[in-house]
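The following block contains the structure, expressed as structure tokens.
Chains here go by letter, A, B and C, matching the order in which they are written, and residues are numbered from 1 within each.
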Amino acid sequence: MKRCLLLGCLLLFVFGFCVNSALAAEQSPPISEATQSCLDCHSEATPGIVAGWEKSAHARTTVARGLKRPELEQRVSAGDKAPEEFKNFAVGCAECHIGTVEHPDAFQHDEFMVHTVVSPRDCAQCHPKEVSQYAENIMSQAHGNLMNNPVYLDLVKQVAGRFKFKPSGLAHTPPLDMDLADSCLYCHGAKVEQKGVRKVVTDLGEFEFPVWSNWPNHGVGRINPDKSKGSCAACHSRHTFSIEMARKPATCSECHKGPDVPAYKVYEVSKHGNLYKSLGHKWNFKSVPWVAGKDYNAPTCAACHISLVTDPAGNVVAKRTHRMNDRLGNRLLGLIYAHSHPKSPDTSIIKNADNLPLPTTLSGQEAEKFLIGEKEKQKRREAMSGICLSCHASGWVEGHFARLDNTIDYTNQMVKASTQTLAKAWEKGQVKGLDQKDSMFNESLERLWAGQWLIYANNIRLAAAMAGADYGTFADGRWQLSNRLLEMQKRLDQGSTKK
Amino acid sequence: MKRCLLLGCLLLFVFGFCVNSALAAEQSPPISEATQSCLDCHSEATPGIVAGWEKSAHARTTVARGLKRPELEQRVSAGDKAPEEFKNFAVGCAECHIGTVEHPDAFQHDEFMVHTVVSPRDCAQCHPKEVSQYAENIMSQAHGNLMNNPVYLDLVKQVAGRFKFKPSGLAHTPPLDMDLADSCLYCHGAKVEQKGVRKVVTDLGEFEFPVWSNWPNHGVGRINPDKSKGSCAACHSRHTFSIEMARKPATCSECHKGPDVPAYKVYEVSKHGNLYKSLGHKWNFKSVPWVAGKDYNAPTCAACHISLVTDPAGNVVAKRTHRMNDRLGNRLLGLIYAHSHPKSPDTSIIKNADNLPLPTTLSGQEAEKFLIGEKEKQKRREAMSGICLSCHASGWVEGHFARLDNTIDYTNQMVKASTQTLAKAWEKGQVKGLDQKDSMFNESLERLWAGQWLIYANNIRLAAAMAGADYGTFADGRWQLSNRLLEMQKRLDQGSTKK
Amino acid sequence: MKRCLLLGCLLLFVFGFCVNSALAAEQSPPISEATQSCLDCHSEATPGIVAGWEKSAHARTTVARGLKRPELEQRVSAGDKAPEEFKNFAVGCAECHIGTVEHPDAFQHDEFMVHTVVSPRDCAQCHPKEVSQYAENIMSQAHGNLMNNPVYLDLVKQVAGRFKFKPSGLAHTPPLDMDLADSCLYCHGAKVEQKGVRKVVTDLGEFEFPVWSNWPNHGVGRINPDKSKGSCAACHSRHTFSIEMARKPATCSECHKGPDVPAYKVYEVSKHGNLYKSLGHKWNFKSVPWVAGKDYNAPTCAACHISLVTDPAGNVVAKRTHRMNDRLGNRLLGLIYAHSHPKSPDTSIIKNADNLPLPTTLSGQEAEKFLIGEKEKQKRREAMSGICLSCHASGWVEGHFARLDNTIDYTNQMVKASTQTLAKAWEKGQVKGLDQKDSMFNESLERLWAGQWLIYANNIRLAAAMAGADYGTFADGRWQLSNRLLEMQKRLDQGSTKK
């Protein structure tokens, strides 16, 4: 009997000890004086922010502790260069909003010079590798890629602009800054600049705060007040910065659900997405490295595109990357034809054979000089395939990618037929395009054409890439693509009849 | 050793005691004789209903116990007026389906006079404040606001009506009652009235039951057999009446997901929705009051529009309200132009300057007499902003609402251009509208116009209001709104050419 | 004190014992030599598959153990005929990929003859009842029902085919095999046949593998290399085969979310779907039988269409069936008119009065000989109603189905008006149809017509069947159906004017 008592108590204590020591190790790092000073007022002024932060890993550990972890478990990539100033404190308000980085946009707030907009430069204090990879990610240039490309800028202006009815027809004016911040630039990122100051009287006294243009914004290519590009908070949502959230597909859905970029919708109806929805509640979204098969049984967006993945034996399947095009040989989205991925994240520099800032001509010829070659494409496909091969045999994986290539070819062919139909209408003068010194996006037939690639071809390609079949068929897929091509032809014919 | 044993057992017992007493306090209130009588047969006849109820708070507590809670934790608003008859019993079948309220629609069922349709009057036995607030909520009038407004009734008839092909064209007949119950009135609420009786032979004997028109229905503005309006079960789903469910956004999605009212879809792609989807499984959806930051890290529909919210220190951030327009200065949905919120929940009383029962004229002029003024709008915006300010700085919140105002202006301008285009077509006789004594909704061009405000402008406004950008851009947003305006113009031009 | 100690330890031990013995009983069955041999390499070669399998019930139990369960808990339907060879082993790699079934498609792999594609014949070793029921399920014939029906095949070719622009108009070519595998046949099932062999060099040596056409594919009507039809993995996803997943609606969404078959979308906005989304995390998705009210409070797809459901007292509410049309009197989806369910799962044998392989004529007359009669329809509706009646009173259920019947009538009437409009255009020579020896699906007006039934009428019927109102109204519902009918009429009129 005594032994049994002993064993019972031992079990209890061992359990209790493990739990306690785990908590002790991770939960109560010292808080820097500056952060404490922030918390004193802000736990009252913005209690939700403080409570969110208290649930974060940032609040429960220190850089120094993080650096002691085994290499594969590292999340702090600064190594020796991590800021000594706060290495042994929780990563709190002051560490990011004051920190060690020079900020032209800082302002006096109580006794501190703080900056509102935390930029990738701040995050780079501890996570420099991720920040420098992200700078080579096409997403970091999302603002300029849209706004510095005359063709795209014209699309933006036509779509988000304002119209007035006049007896002579519709009069168009370009979108206001706020129109853009509420549409295209919500995701692409707006330009946040100081536009004066404002006084605010609160329970805690009177303050003077800067006024920011286009604020709030957390677009992936945001132009920050310190001139840097991007917002880590786009995916690592403030102020919990949860790795679980970043790895779950809902995060990506904020910008990748709409019909122009339906990655999330396709994922939802893929077998991967079904597994995630049905069984994901049992998976481990926090462990680093992320172990295929053990931690999760179907990939999320992060598993394929970003995360450090190993197999259960600890072999690295894929390295962590924040240059998310590392495993993507083709660019499927957003342009007239699917094409080899651009070399530079800044795509506004591209010129095609027709001297347009597009990666292909209107008839589909690639601007090779600006795009990656076959060898690099192959390398990227192999990187992606490596992840597939954790759970699928090689025949499966090869079949999948052969089908994707075929679908790229199909969509490019259909878009070409659509483009030629429109070109004929331009030629006949039914509508006016570039050759007539007019916008390509301001007439009904042109919009039918733009939808062919911007919406339907995109859906079909993504459905092939991620095995979510209906988005290749009836859900903004082949059904719509072929319907609208027939409609374009009919309009071309009708126009001809009239003449 | 002995101390260790002692401590171990103590821990075990303290834990066991806590669990047991919590269960004892909440789980087994006495069941009234009448309810027991119901349960005796219905645990066999409709076992799912009984099992659902057994999981409800109603089954595990009593009104008397509820009234003893501290003020902020109160859910029973009847206070002293709570029905003595069942104060100390579980809230079971009899308490709601027999209860203390006179019911003209009750019928003899075994030894009791029961009523099938539990109406807000029954709920008001214990929750009178919520019921009286709801009566001032525009949703409670959703049936009449549609069916008693000639303009809207025409839209209903055209959309849900039936067509036959005739050599001379399509012949329209108005929708049958069942057509409406299966479409518009599913959400708006149908009229439930007794239409005779029917005999049913069951394992438990023969019964005579009333036959109800339009049954089942749990629309928010249901006209009940007792003439009251609304159905609490629309959101507090029978028979579990889970506060967790009412607070989760899926509940609202039943009526607010479609393209005409896409609040849920917009929420899904907003950062708030992403947080909910990714991390919501860790949040506390049951605590009353609901503590911002502690219980949840991003608001659901309920947090912004209904719930009693406090900060972690216990300060009230927002009072509970079932008059859900309390924090809404503008009405964004369902009408031609966004406009100041109507004063009365009964909007069928409104007359605009053109004598139409609409809050604005077709050119956008507000029917001021029936709409709230600037001061009330400001008050409502401040009530909403208070919730935002728990987690966002004032500059963020002001920027957000400035952008919403701009987007309201943008959509109103675009809808006006669409309306003027249609008006021109009416004027030219290409289609026939009100001035030609014809419906505004029965021709193809008119449908294009109606879609502009009913679908696209709505999406864009909601996307601005809730920061779900793609619904303002490519997902039923600016892309579609401008495409269709160009299409309307083209049709207007084509029509002209023909003449 | 001693007694308290005693009790504490007793509790601990009883608890520990229960957990241990449950684990012991279910977790570590012996692994067959052949399976062990697979695992030896594949835990390295495809670690995700192995890790997924290790989480499966197959890995944690044996057929022999399963057969000992009480009748209602049985999942193995083979009884005495279960294969003696592996009855006492975990169901592992070899049991399914080698097994006891003759496989013409097996190939030498190390010391074994294995087959890549596990077919229903393999699953039938242990689950023969489910397999034979599924063979009578219309889904098992999904490949041939599409590809062997000339009308449907023409639709497939027009929708998934490729177009080239020619000065004379668009030139159509039929879809390639890969085009089909990536669209229609992803869900309907592709034909998987051996097309040669390929050599693969891996870390574990050189191998020769068969090359499969249309691989990967797990469509519900897949034509397997062994000539059998169907893929159990469509719903019971490899290699976890989780009953929880099969019962959750995300599984069905892979093929039933798109606008042509929007069952999942309708479910999502139904009260049932709202309950599942909000409270489903508390339900038991694993218990067999599945107890209405206790294990779940609102049905998922499986509860209504497949699962063995009992009430809390153990009475059978519905028997398990994999012939999923057992409870469906009408076929609502995918054809021109809703109609009585076909008798045979092979619908390509149907001939209507006009000698077309369709269950109705173009004017709606049923091909009675091939469709179930009133008595069978009634029987199926009663089977479905039985499930409803667990949680709803009879008046509710009858009201629901009366409304569905009315909506079937409404949609059929609207589709008829659309068909007659098109027929008029055919008659007038505006477009060319069957009578003109041309496709019914290759002109813009024909596509408008096809959308009326393939998309909009489908949505409206499913919305009625599953109470998800907006899909009957504004979300691909009555709004779109009536809009497009008005548009068809306008085009008919315009065409007339021109002549």
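The working rule: a residue touches a chain if its C-beta (ideal position, glycine included) is under 8 Å from a C-beta of that chain, and two chains touch if they have at least 3 such contacts.
Keep in mind it's a predicted model, so treat the numbers as computed, not measured.
If you lay the C-alpha trace of chain A over that of chain C, the rotation comes to 120 degrees, to the nearest 5. In summary, the pair chain A and chain B forms a contact in which the copies contribute largely different residue numbers, shared numbers making up under half of all those used.
Averaged Cα coordinates give chain A a centre that lies 33 Å from the centre of chain B. Within chain B, the positions touching two or more other chains are listed as 5, 8, 12, 281. On the chain A side of its complex with chain B, the touching residues are 5-6, 8-9, 12-13, 16, 43-44, 46-52, 55, 116, 158-165, 167, 169-170, 176, 178-179, 181-184, 186-187, 198, 200, 202, 209-212, 214-216, 218, 237, 240, 242, 244-245, 248, 250-251, 253-255, 257-260, 281, 442-444, 447, 451, 454-455, 498. Residues of chain B touching chain A in their complex: 1, 4-5, 8, 11-12, 268-271, 273-275, 277-279, 281, 292-294, 297, 311-313, 389-396, 399-400, 402-403, 406-407, 410, 413-414, 416-417, 420-421, 424, 463-464, 467-475, 477-479, 482-483, 485-487, 489-490, 493, 497.
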